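In the two complexes that follow, chain A is the common piece, with chain B as its partner first and chain C second.
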Partner chain A sequence: MRTRGRIIALLAASAAALIWVVPFAWMAVASLRPGVPPDIASLTPSGPFGLGNFVEAWTSGSFPLWYLNTFLMCGGILAVQLVTISMAGYAFARLDFPGRDVVFSLFPLQLLLIPPLLIVPNLQTLVSLHLYDRLPGIMAPYFASAFGVFLMRQTFRAIPKDFEEAAMLDGASIPVLIRHVLLPLARPGLVAFAIVSLTAHWNEFLWPLMAVSSPQNQVLTVGLSTFTSGAEAGSDWGVVAAGTFFVAAPLLILFLVFQRRFISSFVSSGIK
Partner chain B sequence: MTEVGLSQTRHRIIIRASSGLTTDRGVTDSMIIEQRAIGADVAPLPAARRRSHRWLPVAVLLAPSLLFLGLFTYGPVLRVIGGSLIVGRFAGDHALGFGNYQRLFADPHFARAALNNLIYALGTIVPSLVLALALALALRETNRFTAVLRTLVVMPLLIPLVAAAALFTFIFLPGDGLLDFYLHKLGVPMINWLGDTDLALGAVIAITVWKNTGYYMLFFLAGLAGVPQDLVDAATIDGAGAWRRLRSIVLPLLGPTFGFVVPIALLNAITQVDHVVTMTQGGPSDATNLLLYYIYQQAAQNYDTGLASAATVISVAALLSLSLISFRLIERGVHYES
Partner chain C sequence: MTEITRRTALKTSLGGALAVTAAAAMTKTAFAADPVEIDLFFPVPVQGKLADKMKELIDRFNTQHADIKATAVYTGSYDDTSLKTRAAIKAGKPPAAVIMSANFVREYVINGDVDPWDSLIEKDGKTAAVYFDNFWPALKPNAVIDDKVYGIPYQNSTPLMYYSVDAFKDAGLDPDKPPETWADWLDAAKKLTKADGSRWGIMFPGTYDYCGWLTSAFVMQNGGQYYNHDYGGEVYYNAPSSLGALTLLDTLVNKAKVMPPGVSDANACTSAFFAGRLGTMLLSTGSLSFVRDNMKTPYKVAFLPKAVRNAAPIGGASLILPKGNTPERQAAAWTLINWLVSPEIAGEWSRFTGYFSPRKAAYDLPDMQKFMSDHPDAKIALDQLKFAVPWFDTFNTVAVRKAMEDQVQAIFSAKVAPADAVVAAQKAADELLRPYVEQTALKAIG
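The block that comes next holds the complex of A and B.
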């Protein structure tokens, strides 16, 4: 009875997973079929196959530029975040000061008020800081990270104080303590944060769309949306699939290789 | 999920563990986690006390974060409230009033976007959470087979919503698209999924469910790992069926997970509209217009900052009031899971 139930549950889950994988299967199959075959929707075509769609997508879109901009954006955001969250995380984990809980409670609002929601004032701020239509303008709203501060506070608190106290006896200053004592011990937390941050910003669309207008400052997601609307107009669905693959593949491959890391990071975060 | 539900669950776990009746590892671990969660903000830090009056390090350490919070979270809130009350600009002078709100509430497009967003929230949250929980229960045991199925369901989380939109634009394409291609073989006539006012919102909902279910499943899997197996076994011996065990043991113990996942799903339902922007532009005839897309239209297309500001204030107020309880739950959820 119990095993029969389990088998039925697994069969139902397999059916769901099969449906779930259809869009990916179509992307893989269609991207390998050059030209405009009439049965482009087929998941089991007889061929011919080739890499023509990838060549066409790569040459008709500005993928190298979009990759570069996306790397710069994600890397820039993460680099600054690691500094700000380590500093604030240390203050909340180790220093006792009046109003600490009040200041800490200022952070969660950032989780709700994502930049595109506040488009009107955020664009005004970017214009007045001369950051509109520049990559640093896309990055700036993310330089503080409520989730990162929570995570670093927790991570630092889990580290025994002995290490710091020994270093303090040797006369180490707070920057030295954070940089050379705590951060090396906080690596799991930093890796978890980096995975969540990179995934969120690699996939982000609406804010980079709003904050940038020139084609030379576009990131992958924004580039893909203009690219696909062009290819769709010509019914080049194989090229659409190939372009989508270029945007989706890097994170998918990283995920498949480092699956455990990704999943534990997502679970420990919950907040993108 | 209410806060009462959460504290009842916590109470139960602590009582069970401290009564010493169980040696189950899961319970002991969850008790430690619970204690840490409760004690985290209470326990004084003796070493830190000695430095309590050194303001400079605190100010320097917090300055970068607070600067950006001020520039892009708190400042904008004040500015958008102010902007929503400006009804006219005459030679550098502002007139204040509620005119933008009057225009907003008189705008049928806004009413439609609000209603759509409500349907969209219910239509995405309920099915994806039910499906995520069902999948987590089915794939709870870890072996090669379940690991592969889990991976397949989580994969959509890793791709951008615009990439998902590009794939689903083809899936929903009338005639040659994937759905119609296979439905045609079953004798179903052509359907214009994204072009039909009755179907378009459902199609957009389907994309979101596809994209987010795996994410929520991860949390339910983590939550299920904390449900003590001996409790479930004891209920089985007492003759409780699968449904009864789920309702009386598993679901109550998943309270914290729900308290954590529901706010995230709610946030996604209001803030993730990339597919609407790239696929439907809110159409046909407002059938897929959602609050954030409406704000985007007013701000970036109609340059009506007054109306956009008023719509932002209303949307943020809705988001905040809906998340009022969940705020604390999110924070506790972070402690609980980590």
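The block that comes next holds the complex of A and C.
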């Protein structure tokens, strides 16, 4: 029985993986095919193949600049988020203050707001902070994360209090406690959050499009669309696929390299 | 040339003004060492390296105009561009000018988010009406609203019929005699369609935006107006001309079965066309370059088929002047816009993009005449302009347009009968237009 269950689970997982991999496989195949071949949808074409699309995509945009801006944006957001969510998560998990549970239950409500609703108010805030059309302006609205706070609270609560009590007996202050006792133990939660945050902001299009105008502040997603969108005509699928590959590649590589660690993080943090 | 003279004159007068100490305050904005900075929002609606070309044009403008520093800001699709423009105006950072989808201009006027170009036109010693004679007349209803010029046409298109010469020959049709009427078109499509599904007679995009554009074409070919071209509160969805047009669509897909069921997008149409699996397709003239570059077998283009009359709706974009700019930025924007729509630059942009140039004089230039004789397909697209009709624009344009598009898409999927579709579309549209109608046409007086 047990083995049969395992086989069924394995088959189901393989089927899901297969569905998941099709777009990537198609992207890889299409990016290698020059022009607009009639069987562009095919996953197993006969050729010809070439790297021309990659050359065309790379020269169509300022990829080095877009990579830099995107790294700065995602890295900046994550760096600040890790600080804010750890501190807020600790407050909700351990500190006793009046109205804690009410505030905490209201906190995730902000996840329900659809982002386009906030575009104009957020832009007005950026203008008054003199952050309009600057990279920190794209990052600012994400410095606090309801999801991250929720996740860190759960992670901290799962850590036995004994560790903290032992540290407190030795005279550790709260910042020292968080930094040296709780955060190392909460690493799986932090890593899990980092993946979610990085992929979300890496792939984001609308807000960066709204928040910056100058070409030197452009990020990958917006840059990619400068030469791939084509509402009135057809699309040059090969170039689109090659450009998309450039955008997706860093995250793909990151995931492949740290695959084992990511998976163990998700398992131990309870997100699946 | 007039541009340069005017600028030289400006500088000369500034030189004089500089000598006068009282003018010291002015020099900050006008002196060449401190150019006026302006930004131009632009969308990229057709595939290709348009963004690069736009940057190149703006760089050239900047080197020719030392007193202005313009930046071209890429802003996504037409819809994204409108969203960003609105947000920027609300946030107090209006761009100096925007290349805006021409059917959105009326809404900007209704919402009071744009300034007219009239005072800037008049400063050059022309009346707005005389100035607008530079452009094709069909562009006027989407640009001149309530007697003021709100849009300066920049890049324009109409739908066009593309057909495969090989498919025509194979079906026993004469490739030199494209179908001229709906009846001819249906007959040809029946011959072109293969029962085994390896070739369709007709395809055109049924996705949002394209769907409404082509539906309006069919209705106007059928003699209708489709919407009130002068007032943003009325549409004529439940009219005999609309019913006839939707009945044609129902016939093509569900009765004669010469067009694939469901909603196809532009990519599906071009892919089928390039693969030889399609006889005729309706697509924007903005796709001419793309089709020319990718179609391996011979193809030709023709006017859209007519019912009681020929009609091809305008598409494309106009330059608008968002509210909230300083007079210096407005003047600099005007200089940029005049340069962009000058016959030379307008012609260059047209040849690069495949859009037709809204500026009539562009076609008198030698480069353009050579291009037209080299590309007979572009010539036909231009000739069709004599049948151009304005582009659907109302209060809440996109939602009102969708009220009809949802019904047309339902017809493509055989979910609704044309007679019910026109009633449902009209009802939904009237509901959406009511707030505006109550503020305007139905507003009680006294």
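Throughout what follows, the second predicted complex is superposed on the first by the 201 of 272 C-alpha atoms of A that agree within 3 Å, B and C clash if a C-alpha of one lies under 4 Å from a C-alpha of the other, contacts with A are read in each partner's own complex, and residues count from 1 in each chain.
The rule we apply is simple: a contact is a pair of C-beta atoms (placed from the backbone, for glycine too) under 8 Å apart; a residue touches a chain by one contact, two chains touch by 3 or more.
Quick caveat: nothing in here was measured; it's all calculated off a predicted structure.
Peer 1: A:L206 in the overlay: touching chain B, chain C, both, or neither? Say first, second, both or neither.
Peer 2: A:L206: touches chain B and chain C.
Peer 1: Now for A:P215: first (chain B), second (chain C), both, or neither, which partner does it touch?
Peer 2: Touch partner of A:P215: chain C, not chain B.
Peer 1: Now for A:I174: first (chain B), second (chain C), both, or neither, which partner does it touch?
Peer 2: first
Peer 1: What is the contact status of A:I40 with respect to chain B (first) and chain C (second): first, second, both, or neither?
Peer 2: Both: A:I40 reaches chain B and chain C.
Peer 1: Given the touch rule stated above, what does A:L252 touch, chain B (first), chain C (second), both, or neither?
Peer 2: first
Peer 1: One more residue to check, A:S62. First (chain B), second (chain C), both or neither?
Peer 2: A:S62 contacts neither chain B nor chain C.
Peer 1: Considering only touches as defined above, state whether A:T228 meets chain B (first), chain C (second), both or neither.
Peer 2: both
Peer 1: Which partner reaches more residues of chain A, chain B or chain C?
Peer 2: B
Peer 1: With the two complexes superposed on chain A, say which partner A:L10 touches: chain B (first), chain C (second), both, or neither.
Peer 2: After superposing on A, A:L10 lies in contact with chain B but is clear of chain C.
Peer 1: Per the definitions at the top, what is the overlap between the chain A residues touching chain B and those touching chain C?
Peer 2: Overlap of chain B and chain C footprints on chain A: residues 38-41, 116, 119-120, 123-124, 205-206, 209-210, 225, 228-229, 232, 235, 237.
Peer 1: Along chain A, where are the residues that touch chain C in the complex?
Peer 2: 35-36, 38-41, 60, 116, 119-120, 123-124, 126-127, 132-133, 205-206, 209-210, 213-215, 218, 222, 225-237
Peer 1: Which bits of chain C are touching chain A when the two form their complex?
Peer 2: 39, 41, 44-52, 55, 71-78, 80, 83-84, 86-88, 90-93, 95, 157, 209-210, 266-267, 269-271, 274-277, 283-284, 286-287, 289-291, 294, 315, 354
Peer 1: Could you please specify the touching residues of chain A with respect to chain B in the complex?
Peer 2: 5, 9-10, 12-14, 16-17, 20-24, 26-27, 30, 38-43, 83-85, 87-88, 90-91, 94-97, 101, 103, 106-125, 140-141, 143-145, 147, 149-151, 154, 157, 161, 165, 174, 199, 202-206, 209-210, 220-221, 224-225, 228-229, 232, 235, 237, 240-241, 243-244, 247-248, 251-252, 255-256, 259, 262-263, 266-271
Peer 1: Quick one: in the complex, what on chain B touches chain A?
Peer 2: Going through chain B, the ones touching chain A are 40-41, 44-45, 47-49, 51-52, 54-55, 57-58, 60-62, 64-69, 71-77, 79-80, 83, 131, 134-135, 137-139, 145-146, 148-149, 151-171, 176-178, 180-182, 210, 213-215, 218-219, 222, 242, 260-261, 264, 267, 270-271, 273-274, 277-278, 292, 295-296, 299-300, 305, 308-309, 312, 315-316, 319-320, 323, 327, 330-331, 333-335, 337-338.
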